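Have a look at the structure that comes next, please.
Letters A, B, C and D mark the chains as written, and numbering starts fresh at 1 in each.
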Amino acid sequence: MLSFECDYNKGAHRKILERLLETNEEAVPGYGNDCYCESAKEKIRKACDCKDAEIFFLAGGTQTNMLVVSTMLKPYEGVVAATTGHVSVHEAGAIEHSGHKVLEIPGHEGKMDAKELERYLERYWNDSSHEHMVFPGMVYISHPTEYGTLYTKAELEALSHVCGTYKIPLYLDGARLGYGLMSKNTDVTLPMIAKYCDVFYIGGTKVGALCGEAVVFTRHNMPAHFLTMVKQQGALLAKGRLLGVQFDTLFTDDLYCQISRQAIEMAERLKALFQEKGYPFFLDSPTNQQFIILENEEMERLQKQVRFDIWEPYDETHTVVRFATSYATVVEDIENLRKVIESI
Amino acid sequence: MLSFECDYNKGAHRKILERLLETNEEAVPGYGNDCYCESAKEKIRKACDCKDAEIFFLAGGTQTNMLVVSTMLKPYEGVVAATTGHVSVHEAGAIEHSGHKVLEIPGHEGKMDAKELERYLERYWNDSSHEHMVFPGMVYISHPTEYGTLYTKAELEALSHVCGTYKIPLYLDGARLGYGLMSKNTDVTLPMIAKYCDVFYIGGTKVGALCGEAVVFTRHNMPAHFLTMVKQQGALLAKGRLLGVQFDTLFTDDLYCQISRQAIEMAERLKALFQEKGYPFFLDSPTNQQFIILENEEMERLQKQVRFDIWEPYDETHTVVRFATSYATVVEDIENLRKVIESI
Amino acid sequence: MLSFECDYNKGAHRKILERLLETNEEAVPGYGNDCYCESAKEKIRKACDCKDAEIFFLAGGTQTNMLVVSTMLKPYEGVVAATTGHVSVHEAGAIEHSGHKVLEIPGHEGKMDAKELERYLERYWNDSSHEHMVFPGMVYISHPTEYGTLYTKAELEALSHVCGTYKIPLYLDGARLGYGLMSKNTDVTLPMIAKYCDVFYIGGTKVGALCGEAVVFTRHNMPAHFLTMVKQQGALLAKGRLLGVQFDTLFTDDLYCQISRQAIEMAERLKALFQEKGYPFFLDSPTNQQFIILENEEMERLQKQVRFDIWEPYDETHTVVRFATSYATVVEDIENLRKVIESI
Amino acid sequence: MLSFECDYNKGAHRKILERLLETNEEAVPGYGNDCYCESAKEKIRKACDCKDAEIFFLAGGTQTNMLVVSTMLKPYEGVVAATTGHVSVHEAGAIEHSGHKVLEIPGHEGKMDAKELERYLERYWNDSSHEHMVFPGMVYISHPTEYGTLYTKAELEALSHVCGTYKIPLYLDGARLGYGLMSKNTDVTLPMIAKYCDVFYIGGTKVGALCGEAVVFTRHNMPAHFLTMVKQQGALLAKGRLLGVQFDTLFTDDLYCQISRQAIEMAERLKALFQEKGYPFFLDSPTNQQFIILENEEMERLQKQVRFDIWEPYDETHTVVRFATSYATVVEDIENLRKVIESI
């Protein structure tokens, strides 16, 4: 069965597993105090061009969002996010479970508009009863967004400016950051993200690792005793090396970019295939997730030979579906998909 | 200064204070185990025509919402509310602080539409990734709503039916319940509310008491060990008599209705006055809160002689303001308001 | 039936109710922004000889402990308390519900020993794995303690010194503070408490009010946006005047001391009575709670004519019981108790 | 440098890494819905002789304790544990962070006594104010304990009996379960644990895995929607295969026992070495952790050539230290340790 349902259906990039094997017998300290974590942090600081960045490795995306948001917010604050943001919808209420409200503002193909954000914040602070409301204490964006779309440099800068004016941190969820950075249609680089964001994470799980995300605090703003709070929330791995070795490998010889570039190239081919065959797109995604509108009966026929993700109903007779590529997608997969599409 | 800014700016109805004085020297058990709480509960059961109702007295509205929602929901559940619901906006994130998401659906002059609720629930349960989303575990409505509007019997019945279908409780916030029941334009009675709702509260603080709300569980569904959870959330008064005596008085000789009727009659006069003077209304409220659109400069002149509540900006040059009446509003207050309006 | 079971079994001191009646018809702002709260705060600042004290009124003791502890601690911190502390045992886990551990150290007749506290803190900070443990972030003491005992000035000073050394706040639970201040055997005054403690509360509920506690922050250390967090935890009364008027009355013409002195004098008589009759005391309490050891059968006979509190089993055949006096106890009550004791 | 500081200082047993490589390119569903998780569960059910056991894989021990305790307890309940229990001391307050109190009773070399537990529960339920206290809702034990000691079959049965009487679940933390099962001095088997405990976990991280613990619910008592709560607490791995493949390998060809037996054999040699050299033991541990009392100056000399764990001060001049063995410890390591000891 052809497999385009997500970017986390295979194991890890081979180099990562090999490196885990090579380093396996060395005795190192636990809880992230090992040499691999240190080395990985140093490489990430360089890649971000942010020499004072404080970095912490965590196991997954929801865990990372929960920890960053809950430890950076005051108890009376909430996090502003687009209505379609991952923290708003698909994390089973992890933010609320930590005691904080997700303050939703409209998303535009997954993106937050800086002007709308500014109006929201302005209105909040002008409301005479704002002390009875949740304070907006952080802004959450994802890049790429849940719809595969990307912010431009100018858009990121504008959001960063609004956050600066209101003195609240801008947090970027980079679960699929590599695919954003390697997109053909972006003017955003990793150092820019480090410059415009107060905190962000570099996704590993969906970009070729077994598990793992690297949180980057860019302004000497890692919450005091972050490690203890990570432990308290059950997120501190005893064998922290598992994350250190993986990120050290991902940031050696440009592997993170190479993995991402492969997925982007395959996504481009997949997009071209659907365009060629005349399928309508739900929106124009420049990254590894492509959203196609399928007629329901055709969708069912396709499902018999290809795995893809049912996104949402489009109308009575059509459905939005998602095809995703990853480091493991190869040209042959796209060619096989072509054959299937042509046959049904 | 004339005072229409809210319905909690004065103390309590005189009869309540007198009764507190009369009963003051009796030694009674603490924590709500006194004879006044018992007597009040019995009178409320009768007024609701719900002889098995379980009743608990709490001090305020946010406290009540927080306790009802957090003790009735499972950890993975959230509460569905209109975007304008008090729990969504004006409780400083109390629900989220208790670990639960407020799942917002559109409000229509403060009201939730049963069809929209049904579509929301249907869509949630059909979503293949619903296990990664917050489960809708309760429906919250307010009656009167935050905009003074009221559900009809048919609307309440429809909401109750949808909740029954999805097996989730319907919870009615009755902070101003008396004003709803005594409105000239309602076909809803207290027994109907007890019939259609799984749990609701009868507001005291905004209807003539010093403090206090009576939560009514109508289906033998008071959470086990509710008292301990009330204690755990800091809401158990040692001198529970303070609430018992007040509610016992409110439900003696129809005082609760009498207080509410007085406020409604004054609201009707106030409404007539603004209509007569040609002021536009933001919406048509049948209860004790009236929402008027004022031109900004006129508003400022009026503010020098009358206290009212700034609700929200209407447009560049106009503002929505709220005038509220209470048990303590008298005909003379309305006549004085007429003089002020005519003079400015 | 004679009634010595607790100090919250009657209503409020008459002057408080009278003042509520007198001020009832004035329209004042809600949520504690009224003139009575302001006036009460000013009087308390004077009584504490602490002109910059920040003061907030809350409804009850558990609520106050929960709010002070949870808003002053960082997420990774816990509060150190004696094993017998109210927060450790009798608040249904309110502190833990707010996410924080109560770090217990031994109590000595309810009191914490400064040297033991110092050793505890020293040992914690010397533990190489302390980052995996809960940080001691505050010290909680009660005065009078749960056993009616009192700290001396020197003991308070020593605790304050240890807290200062470790830079953690000292918090004093004064649910029955008046009885401590008016005890014949104390060298501790209210200004001293304000001097040695970073935060404390002056109990109203158990010292003649209907409800209410006054939290006093003595070092410009009231947590930012405390009101919003009070609202968020369901503890903000709409009619804040209820608390303001009560405390304003309690701190007018020395009423708080007068109420407390009455209870102390009655406790002295009660103590003398039990001593005269040869009853053993569980411990020597200088305040309004007296702990007597009763033979079980005698206890049962006594229970038929007098209400008192069963404290804890003493041995197979004896039980520790508590007799409490309050503002409402009069000489006649003690004389009636004498008759009962002599008759059984 | 010789390395005996813990049992998680190396990577994973080679067979686990090899199996991760072998299965790496297969596309499988995420979030634990893969064939490896299924296969591992089936093998664990067999090993436990509990065919209906419900099993869930999590990443680490604190995470597991936090999830099991917080999802099985009611909000008003706490978990009873020995004062030295991992949940009481070394999890940074994870249980309290989830809102629940750890109710401590004395530990005896890390173990809980069934009689003391019974007295504790009996006394709680007889306390007339128990509704103001935290309800004991679960019993937590560790096996091996934090001191390496083990319960006997009779002791486990007695604890299970007390829990059954009071209808609260018995939860066993098996972070190092393998070492307990393979000890020379135990009459406890895995099926017995499944029989006597309502829920327990089989530790992977400290028994040869990269990460991972297998929670086993033995009474059809896995909390409803456990997966959603795992997601909500940030503990659901997208690539659940990482845990599935590891546990499938550990429970193939008896690898889990083989790993544990190796560590136990090395621990026996290490124990014999210290006995032979006349070192006093802090207590008699039958598992892979050995606690030795060292004179402080000797300890410092030893630290220059061997890594071990400083446990706690013994007296002014001595310290308790811990030596741990693991799957990766070999005879040569013990022989090298002998040389070091003989040389200093």
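We take it that a residue touches a chain if its C-beta (ideal position, glycine included) is under 8 Å from a C-beta of that chain, and two chains touch if they have at least 3 such contacts.
These numbers were taken from a predicted model, which means no experiment stands behind them.
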{"item": "Centroid-based (C-alpha) most distant chain relative to chain A", "value": "C"}
{"item": "Between chain D and chain C, distance of the C-alpha-averaged centres to the nearest whole Å", "value": "42"}
{"item": "Rounded Å distance, chain B centre to chain D centre (Cα mean)", "value": "51"}
{"item": "Averaged-CA centre spacing for the pair chain C and chain B, given as whole angstrom", "value": "34"}
{"item": "In chain B, residues with contacts to at least two other chains", "value": "75-76, 91-93, 97, 99, 131-132, 228-229, 231-232"}
{"item": "Chain contact graph, described as a line, ring, star, complete graph or other shape", "value": "complete"}
{"item": "Residue numbers on chain B that touch chain D, as the complex places them", "value": "70-71, 74-76, 99, 131-132, 135, 224-225, 227-229, 231-232"}
{"item": "Contact set on chain D toward chain A in their complex", "value": "1, 3, 6, 8-12, 14, 17, 20-21, 23-30, 59-67, 91-94, 97, 205-206, 210-211, 228-229, 231-239, 241-242, 307, 328"}
{"item": "Partner chain D, residues of chain C touching it in the complex", "value": "75-76, 78, 89-93, 95-102, 104, 128-129, 131-134, 310"}
